[in-house]
Amino acid sequence: MKIVVVNPNTSRSMTDAIGHAARSAASPGTEILAVQPEYGPEAIDCAMESYLSAVAVMDRLLTLGEPYDAVVLAGFGEHGREGVQEIVDVPVIDIAEASAHVAQMIGRSYSVVTTLQRSVGAIEDRLRLAGLADRCASVRACGLSTLEVDDDPAAAMEEIVAEAGRAVRDDHAEVICLGCGGMAGLDEAITARLGVPVVDGVAAGVRLAEAVAGLGLRTSKVCTYAAPDPKRIPAWPLSRHLKAAVR
Amino acid sequence: MKIVVVNPNTSRSMTDAIGHAARSAASPGTEILAVQPEYGPEAIDCAMESYLSAVAVMDRLLTLGEPYDAVVLAGFGEHGREGVQEIVDVPVIDIAEASAHVAQMIGRSYSVVTTLQRSVGAIEDRLRLAGLADRCASVRACGLSTLEVDDDPAAAMEEIVAEAGRAVRDDHAEVICLGCGGMAGLDEAITARLGVPVVDGVAAGVRLAEAVAGLGLRTSKVCTYAAPDPKRIPAWPLSRHLKAAVR
Amino acid sequence: MKIVVVNPNTSRSMTDAIGHAARSAASPGTEILAVQPEYGPEAIDCAMESYLSAVAVMDRLLTLGEPYDAVVLAGFGEHGREGVQEIVDVPVIDIAEASAHVAQMIGRSYSVVTTLQRSVGAIEDRLRLAGLADRCASVRACGLSTLEVDDDPAAAMEEIVAEAGRAVRDDHAEVICLGCGGMAGLDEAITARLGVPVVDGVAAGVRLAEAVAGLGLRTSKVCTYAAPDPKRIPAWPLSRHLKAAVR
Amino acid sequence: MKIVVVNPNTSRSMTDAIGHAARSAASPGTEILAVQPEYGPEAIDCAMESYLSAVAVMDRLLTLGEPYDAVVLAGFGEHGREGVQEIVDVPVIDIAEASAHVAQMIGRSYSVVTTLQRSVGAIEDRLRLAGLADRCASVRACGLSTLEVDDDPAAAMEEIVAEAGRAVRDDHAEVICLGCGGMAGLDEAITARLGVPVVDGVAAGVRLAEAVAGLGLRTSKVCTYAAPDPKRIPAWPLSRHLKAAVR
Amino acid sequence: MKIVVVNPNTSRSMTDAIGHAARSAASPGTEILAVQPEYGPEAIDCAMESYLSAVAVMDRLLTLGEPYDAVVLAGFGEHGREGVQEIVDVPVIDIAEASAHVAQMIGRSYSVVTTLQRSVGAIEDRLRLAGLADRCASVRACGLSTLEVDDDPAAAMEEIVAEAGRAVRDDHAEVICLGCGGMAGLDEAITARLGVPVVDGVAAGVRLAEAVAGLGLRTSKVCTYAAPDPKRIPAWPLSRHLKAAVR
Amino acid sequence: MKIVVVNPNTSRSMTDAIGHAARSAASPGTEILAVQPEYGPEAIDCAMESYLSAVAVMDRLLTLGEPYDAVVLAGFGEHGREGVQEIVDVPVIDIAEASAHVAQMIGRSYSVVTTLQRSVGAIEDRLRLAGLADRCASVRACGLSTLEVDDDPAAAMEEIVAEAGRAVRDDHAEVICLGCGGMAGLDEAITARLGVPVVDGVAAGVRLAEAVAGLGLRTSKVCTYAAPDPKRIPAWPLSRHLKAAVR
């Protein structure tokens, strides 16, 4: 099985880290192809960046030019999953949703610990639209941006563990979801200190993609996620016309 | 007061129609500037197109180069409002939300009549995230695409009035919201036949934009809709690099 | 356009203050007629007083004897809007609901700061029935009664600003609604200190009334808010029989 | 134990019928005092009438002048319960709420069958504010007004049974609540035809009032339902000043 | 009227205490039969024990061999009510639900104070499935197990009153429900200290059972709670085959 | 990896069918151990049977005597998952929940088609408590009991496909979940006829169990699902004392 894991931002180091996390989590026999868009922000911390990323991710998949069995979208709380479901035929798994699915299977309630307070709303919205908010005890921010977490995960750990501790103690969370790709690897530290299971989104996404694809299931095309009707869309996919600008 | 009304698709005739509807609804003294993106689909009927449109609309506003007092986003159920709120300082009004606000002020419950069944989910999602779904009796589709409605509004009227009638009779809707820009002008026909008030989104958007701007209020920048942090975003705004492709 | 703004209590000074606030917020060309009931409490702090006020407000409108284009009900969290919608033909705007409508257009979430804890329930109920509770982060009480706020707004400011600060910090409110007529004027102080937009109910009500009436829309009479059927109602309107008692 | 059962309208025959129903349902040793307001409508079919009735009911209780152990408010979906809870010390039971409480104890879901469609909203609102809407499968209207049901219950029965049948068959209601005082006596007919239990509101209200008072419990006065603060309320209670008009 | 009150655990002293509480709360003329299962845990603090208890309670009622008019299930937050409703014809009242019903009739909101944090979820689930969670301000744990409360109620009182105080102050609860059978008798202490009414589940259950049975109502058998279809169930009721083991 | 798949009823043929379905769905290298309880009903169609089954399933697992990596509970809408989570250390997956998880990953909304109308409530409750009801368009019954479906799946197919068709057409379901173990194999027929993906619960449960166990995650033991405290439970596990009766 071949799974395309899409880092929604244009940071090469983060794409590498996500690819590494995906390969560590995958079953034997699963091939991981980690890709990133050709344009868009190097990190995503607001809706403007998230929308741009969603388009760039769709663009990347439209121009990928090789077959695969499932897609994992490795942005936590980003836009785009519905659009990707329309343009590809294989299962599409968003890692924020994957985290919540897995968390609900192993605990009565879960909390998400993410980066900045301004990102909390986007994650709440995504969980809510996916029908996964009911068992969410809280979405909490540690106060560090994606780049800050990425730059120095060790230094970020104290803040993240502290916030996870508040989720467990004050919100009665029984599982913690790491709400940011750059948090990969912190799961063991949190479990060791707080005694709760920790779900890493990329790992959860890969395993659920394997499960759904392994069941022989694909996105329902009967209505909402049907392929777009043929239509003139000037300059789309945009990447074909942006070559010079993005090199 | 000057209000920018943004048609989210690239159909010039629809931009003209929206501009006309906006001017008809505006107060004396309000200037309407109707614009459209420089790239993206000529009509929006799915999430892929909606995401692309959201980016193209933000792009258009970032490169507009003249001052204004409010923005009205004239797509019904499209993405993008949160992103626009981040990048402009003045009030931003989405017409699906504006329709619901106005409908709730004049009736106990409302229904939306839109184009295709596949668009129902997007409208439901937008209303839900805006906290406006509670008094929504139903979102119903008349079965015609945006282009079909736009091509022949007269022929579409029978289907739309029939669907509105089902909303009133079966769902106990007391107000009907027209869920598509191309439906402008059908309001009188529906009111005449069904006896319920009909809300046109562009008109509602313009009047609410006047109201909010007139109160001297602007989008809260304290958290979610703060301006994006400075960050390297290759090729953004994209329009600067797509000139050749979109002409 | 002529808008009747109804102070629901019988305090002449509060009627004057509400009339002043309404005129300050109105568009040029809008005439404000500020009225108050002929009987009922001089301030409203509980359900008994609120119900009595609702009847006295309907009574006042039934006996007003001059034409107008919209009604603004200037009680925050009081009963009566549905009844007024039945007996008048023009749009009827409740200021608690108007505040929430406007707040939702300029922020992801809002909090209301009101007077006494015992009034919190009434405001929550009104927002909930209006379908506007979903984006309400909290309704908080500053601990002062309507009369105490009215008597000494300056002294009340510290308490109100402190409570608004808790709403922003603890409940992540991005907009503050002032939940009491007597709080008019405090908006600038709160915005200056907390950096969040503040919505004044009377101002919001007047501008939304202008918007809805300007759209040519009226309350739906198709079902819930149809005019009452003719019926013998002894002594109604009551004011005709209470002349001696209320002078 | 002495229970005051308040007919919210001014129809003497309906007060007598309610008193009869209450006495039939009461335990041995319970005394029923059936009263009606001194002013207000002879039947309640809209919000305006309901608000006026709420005030007249509070007025009646304030001027009753004799002790009692509990109050049953015998209007289905009318306003006023919260106000009465403030002004009396004993338990106050609303019959719409009582019906829902009892229905939830004997079935998974219940439906209400009431009079006119325009009254459905008021009943839904009351159940929702009381926290009793979750197990409500539907509130359905038979299309006859209170006076029409009262005038000819036999003729109304066919319509009511038909509507109850739709609730059982289409909404999967397992219990039917009769949503109108004048429907008393129809319960046996419905149970015989549909096989579901039927709850009569007045009977449910009386038995629950006995239960709560028998437990030695009273309305919590710690916050929302505390007695109104002393305050000058011109002409209140109104009945003292309306003597001539209402005789 | 004869009411069977079922202690869901196998502690004889707790059965006696529950029987005593039931008799104290019952109306004159009501006979209380307090029973306990023949197998299962001596106290219930988790789902495994709760499920086993539910089966043992059904078993006990199936083999009781004498007529009665209603059943009160005296476990707070335990499983089983739906099963008992299927196998008996008379009304079945769960004390957690009864507490919530009564609390909602005397206050705007209520909190439950129970034993261990791990039991909070079970109580929340029961209230939610019963449609009684909406007015529940919180379910709080005092941190003591059922056996600890039972062993030394006096020593437990301080913890329980402290937790109830937090519910009133922080969650704005207006009524407190005692979430554990062994807490009987603490109600007066809490009311004296906090000024809020306190609902004891066994007392509430008995009075509501009297009310429902007194109305001549029984569980609806039209669908969910119909008697089980005849079917071969090996070894059922189990008690017939466990005689030696449980003596 | 070794997964124990537990048929909750005592039908040997159904255990065999479930084991076969599980093996067909499992990844290479996954060993399936299909077991059934030693007592309890041969099919489960009501709450009484479901509770008894939950106890018998826990009993079976407590006395299994061999190691395994995950448990799949193969009853659709049955009780017991929370109890099993307490007594085993490995992940526990309920097939109704697993179906909903998978369905939500491949479509905007899903419907469940189950056996009898009386079972609908149990499935709705399980989905609701698991936080998976929000995207559930409907739970529909085909009107045949578990045994009828099991006896003659071919004859049952017409009814099931017809009901699934109503879910797609009337409720806008985009995915169908087969709500009964005996429905295995019908998925291809439904997909062929209706064009929507069909989720089989046993298959979904096995693949999700592989995914969660493969992630190295286990049920959170920090609160609700902690192991039961040591306690005297007479005759437990019951199977040790029922040997004679169940042979």
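Each chain carries a letter (A, B, C, D, E and F) given by its place in the written order, and its residues are counted from 1.
The rule we apply is simple: a contact is a pair of C-beta atoms (placed from the backbone, for glycine too) under 8 Å apart; a residue touches a chain by one contact, two chains touch by 3 or more.
Predicted model only: the values in this text are computed from it and were never measured.
The distance from the centre of subunit E to the centre of subunit F, with each centre set as the mean of the Cα atoms, comes to 29 Å.
Note on chain placement: the centre of subunit B and the centre of subunit E lie 53 Å apart, centres being C-alpha means.
Taking each chain's centre as the mean of its C-alpha atoms, subunit A lies 44 Å from subunit E. Chain contacts: subunit E has residues 108, 117, 120-121, 172, 223-225 touching two or more partner chains.
If touching chains are joined by edges, the resulting network of the protein chains shown has some other shape, matching none of path, cycle, star or complete graph. Here the touching chains pair up as A-B, A-C, A-E, A-F, B-C, B-D, B-F, C-D, C-E, D-E, D-F, E-F. Interface of subunit D with subunit B (complex): residues 117, 120-121. Residues 10, 39-43, 45-52, 54-55, 58, 79-80, 82-83, 85-87, 117-118, 120-121, 125, 128-129, 145, 223-226, 228-229, 231-236, 238, 240-242, 244-246 of subunit B touch subunit A in their complex. Chain contact summary for the complex, subunit A toward subunit E: residues 108, 172. Per the touch definition, subunit E reaches subunit D in the complex via residues 25, 27, 91, 93, 97, 101-102, 104-108, 130-135, 168, 172, 174-175, 194-197, 199, 203-204, 207-208, 210-212, 214-215, 217-225.
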